[in-house]
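Next come two complexes built around subunit A: one with subunit B, the other with subunit C.
Now for the complex of A and B:
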């Protein structure tokens, strides 16, 4: 068999043949990486399928997790048309079906100061030791261990961003991860490391190029702030509405550092979004914000953990979900404060807005506190739009659907404001609007009354 | 350093005083003893001694099978459960038959209850008392005028034998055998507990009280209580419990079913002060029909491990459910408490307020479930859980689960964890209040609004208990 054969054949995603084809395409990779991959593939096959009975899968519909409809092709780096740049940024990496297809190089000023911003496969070749030090050191471990293993076994590339000590990267950097061919599976990996005192902003956009295509995404992002560093990470998940997606993210803050992560969910038929914020050094700070608009029969399954292993840390989580039609969201969050993590401040809030009697919002906000000198709280609320506010707008001649949309945008604005980048915020507002439009089309006459 | 140690031992001494209230036992000989371990023979023994009808014998045997088949809850529950040795437990031990007068109660049993102040309280402020000693009710009495109104207040065995028409209609309906492993165990070997029926429109002015006492070592107490408040009836039930401290562990696994028919109100008050060798694994659930109200007022101070989540099934429109819970977890204790609110009709509302205090290495856990299904309208739930951590190694957890669908339903959940602020203590010390007293004041302030909900006699006792528990525990 020839390499060309591999490049054209679509293989069943869970087959040994797919994994062997994948390995075959990585001949120039360091052997330690191939060992990790082999071990991960064995683990993937050995681990059981998640069951609803498992505490970490409570309320989730695990029967939608079959990978049968998806196939694997060895990524080919055929030059493809790059998408129109989404944002003004200091550098952009564009991927199509897990192959780097171009983008915009890192701006000179940052490159001159030693910032590395490369497709992960190139970074593995050019800076193997640096990548090895951080790669897969911090997986979220929130129930998707089987899919983490699949991700490790099958990933090809993604974003590698390394900011050297003391360097402030002023312009935001971006990654655009697209799935293109019908039934494709992708395994994008983002690894951001800011060394001591460094600072950087990174945007990741995940989407299907064609809205009608169906994709499987098994993605991970690992954001690591070393002492005194500062990272802002924004992630937009906009896979096609028939796709299945896993996003397994970790944000880790060492001494006096901070990670500020925002997750936007508008796409996919079924998305499992895991986010593990870790305070590993004294005075670390992790912010985790999210907004989700779920329509149709979408299921958004969010699992979060805030781990405080060092004292004087601060973490704050705010997850806002809006549900229409027969959508289903699950928020399951836990704050865990270790015995020695005194003087911790940790907060967790989940707000669900139910705009349809057939939608379902599940909330599992948890606390495990082993230290006493802490300020911890969590709040969860589920309710409807304020009737008086709605009435006020209707009385002024607004259509019900317009009034409803305005109020939902108002509800989301609290998170959008935190972007610190108007262009990205507007991009998200447009996505939300598209989602609303799709919903209106589905419900032909939303304004019947 | 040494002053700290002194404080600590002073605290322990202070604690010992109050905990000792139940820590005694008189030598008792039992008329009936099913022996250790659990098999069909145990069940036959219990049925024969009680002279129960065949349907009950079948019910019990079916439950035994369910108990044996069901696995121990493992993914979420405390691993301490694995330390229960079901083969070493005595499932039925009884002395004499229940009597209507304290004079007929066997001496050592009577002495026990006198020392606990039960007869005295009965004279003072209760409408009726039932006292259970190990497996059987020893004393059961009620004011005469209540009997004239048709109120029934007897032990569950007597309820089964004398009032089968009401008993059988509701028994095991709110909590089926297979609800969980321990409800199955209770269904297999239950004995004692109260059966209460309040007729239509009868409103009890004074509470009915039950007092549960474990006396023997390695005893399993499995009381079963069934309360039915007919349309428009109102009642309050209070239960207290103690056991002597043994080296080996005892098991208390009760099932309590409440039925509040249209417009009825039931308040169920528990002050749980088992000794620290008792596993307390209890299933409590109420069924509230149209316009009915069920309130669980629950205080857990004792036991080694308590797992108890009082529930209300809001089956009728406008039904209301409430759980008010105080838990105090000391060194070596795990208070795993909480609540379930199952909304099953439109316009129902529920409220949960839980406050816990963890002292030393104590661990307090809140576990909750609020459920509003698809077809319902305008249901409301409010949940507040506050935890106070006294020492640096105290622990608290909160695990609520909330499922909301339907139209116009809303749920609010708030939880907070804090310690007594140094500023508060400092402020009081500035005004000449000693540190220990200041701490006690702060903690009393923390639970004050809940303590007020307990009947007066209990709230006074609770406050005193908290004062003692808090002494010298600053820092």
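Now for the complex of A and C:
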């Protein structure tokens, strides 16, 4: 349990009073951290609001980004509210409104080998120098610098996972980040570092405890594989359908290491998802996969960058989006290969499936290659369900809506099967199914589509 | 109990293919429809199975008394009509097990019934054993990367599980080697009985070496021009289709 038990009133999220209350709540934190936070708060206030005409916000509806509806409350832990374990795993950290509320401790075998798996605030107190070496070293910088600054200024806790040299963590570890009170703002931070030759799998689930509540999430995940390390990171974004969310993620691969990252988007009214994969050492490998089911008037704004700063690296991106109703997705991706990053293999694919004529999928793929010996490709496609496939399924008696759903799940399966964990894959399938069911309740005649 | 097709006329892209087509198939019977290419055999199958590209311009088709013309393809299927495709479509990411289960669930939804996963797999494995299909087959995506023979196996397994009252095999033998041909024939023979009527559409007689039809019909110019018993297929094999054109070309 944390020892942050404060009762404070709800404050406007953008106010100095909120920031001061937040700073005041940080007991026993190193002074360098407070300095970073003060500097970040100043930067947050100084940076302009994003505008649609900014290249990095092209197609986005920036007027949906107002933080006025959201409030800040100093996190307080209520041990009564611990969530049910989500998955079988080797350890789980549960958070409610940015307070650590329990979970399951790291399994003994991994703990004995020196693996650190702690709430970030506790890690900052117990391992300040280790955390400092990595914290905020790699932010995506893909347009949300203002919100990155807000995240740094306001974060309280999150997941800290450190795997020492050569240690293979066999069981997956999980973080469950829930927003609970109405109008709450949360700033979860995940930091995963695998030292040389280490290996680990981490799942993060972000969700609202009540579907009817409205939340603001400003989250970041920083996944760092040191030489020869191997990290699998899967995150599920399932905030309530009236929430606003930022997920600013970085995956960094040093020499001969790999990061395999999967992002699932099913929640939020408006989500900005940034993912920066970096090949920083020779032979590094970054995989970036994503699936999104967007319904209603949801907007899912995805910005990605694959940076190759070292040679012989490999990066592969596949973002698959399914859109219903009046949903809007934006995929803007860039592969950037530095002059010295020879023999790079980099691929980027965005596939959008439109199930409604009113949905809109924007796709902006791009390449920027300075090296001359590379294999790079990018492709984007936007289409509807294949008519002959649909007919084949109808001819077997499936109702049109069922057939469409099965085809959508089939479309997603390419990403789901990369999970390497059937339980998590099933959890995501259930979320997708719930989303479909809610959609059908809203649209009385699904067969009309 | 029969499938009665009366004066059915069908066109595709404004071109009339079937003209006043008539056929009656009772449950338990096997009918073979043969004929030269382009004579409307596949059009008949597609029109009955309500393919959206085919327009019925006249006539009726009653399945055990219920009109199927004008229904959506899924409704026709749930009434008990099954079509084995000439070229089964690939459906990425949808496993055969889930697909067949969804098809069965759709039927049960209408009758208000339900079945457990255990009961389903028991039934599925029993059919697969009978058709000599290995178990791992069910976790593969429907037809994705399948050989011609595997695609037919997949269709035949679906047919065996869905137990249609009437099954139409639309040139399902085209391009198949002898082993794949046997799979199709074994599947039909396995299901043959009082519950199901079969319409086997084929260009070649060879499938009929394995499935002995009760009736053989020769189709030409969008309608049946000659009907007979199994011996008619052999006659066609021997004489080719040239004589059909000579004898009936003037009539249509």
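By definition in this document, the second predicted complex is superposed on the first by the 440 of 449 C-alpha atoms of A that agree within 3 Å, B and C clash if a C-alpha of one lies under 4 Å from a C-alpha of the other, contacts with A are read in each partner's own complex, and residues count from 1 in each chain.
Everything that follows uses one rule, which is that a contact is a pair of C-beta atoms (placed from the backbone, for glycine too) under 8 Å apart; a residue touches a chain by one contact, two chains touch by 3 or more.
Keep in mind it's a predicted model, so treat the numbers as computed, not measured.
Student: Following the overlay on subunit A, give me a clash-or-fit verdict for subunit B and subunit C.
Tutor: They fit side by side.
Student: Looking at the overlay, what does A:414 touch: subunit B (first), subunit C (second), both, or neither?
Tutor: A:414: touches subunit C, not subunit B.
Student: A:383 contacts which: subunit B (first), subunit C (second), both, neither?
Tutor: first
Student: Given the touch rule stated above, what does A:391 touch, subunit B (first), subunit C (second), both, or neither?
Tutor: Only subunit C is touched by A:391; subunit B is not.
Student: Applying the touch criterion given at the start, work out whether A:399 contacts subunit B, subunit C, both or neither, answering first, second, both or neither.
Tutor: The answer is second: A:399 touches subunit C but not subunit B.
Student: State whether A:29 touches subunit B only (first), subunit C only (second), both chains, or neither.
Tutor: neither
Student: See if subunit A has more residues touched by subunit B or by subunit C, and give me that chain.
Tutor: With both complexes superposed on chain A, more residues of subunit A are touched by B.
Student: So, A:358: does it touch subunit B (first), subunit C (second), both, or neither?
Tutor: The first partner, subunit B, only.
Student: Considering only the touch criterion stated at the top, classify A:366 as touching first (subunit B), second (subunit C), both, or neither.
Tutor: The answer is first: A:366 touches subunit B but not subunit C.
Student: In the superposed arrangement, does A:130 touch subunit B (first), subunit C (second), both or neither?
Tutor: A:130 contacts neither subunit B nor subunit C.
Student: At the CA centre of subunit A, how far apart in angle are the CA centres of subunit B and subunit C, to the nearest 10 degrees?
Tutor: With subunit A as the vertex, subunit B and subunit C sit 80 degrees apart.
Student: With the two structures laid over each other on chain A, which partner does A:54 touch: subunit B (first), subunit C (second), both, or neither?
Tutor: In the superposition, A:54 touches subunit B alone.
Student: Considering the aligned complexes, could you tell me the closest Cα pair distance between subunit B and subunit C in angstrom?
Tutor: 15
Student: Do subunit B and subunit C land on any of the same subunit A residues, and which?
Tutor: Residues common to the subunit A contacts of subunit C and of subunit B do not exist here, since the sets are disjoint.
Student: Quick check: in the complex, which residue numbers of subunit A touch subunit C?
Tutor: Residues in contact with subunit C: 386-389, 391-400, 402-403, 406-407, 409-414.
Student: Enumerate the contact residues on subunit B facing subunit A in the complex.
Tutor: Residue positions touching the partner: 75-76, 358, 374, 387, 389-419.
Student: So in the complex, which bits of subunit A are touching subunit B?
Tutor: 53-55, 58-59, 339, 342, 352, 354, 357-384
Student: Once bound in the complex, which stretches of subunit C touch subunit A?
Tutor: 49-52, 72-74, 77-78, 82-83, 85, 88-94, 98-100, 102-103, 105-107, 109, 141, 158, 162
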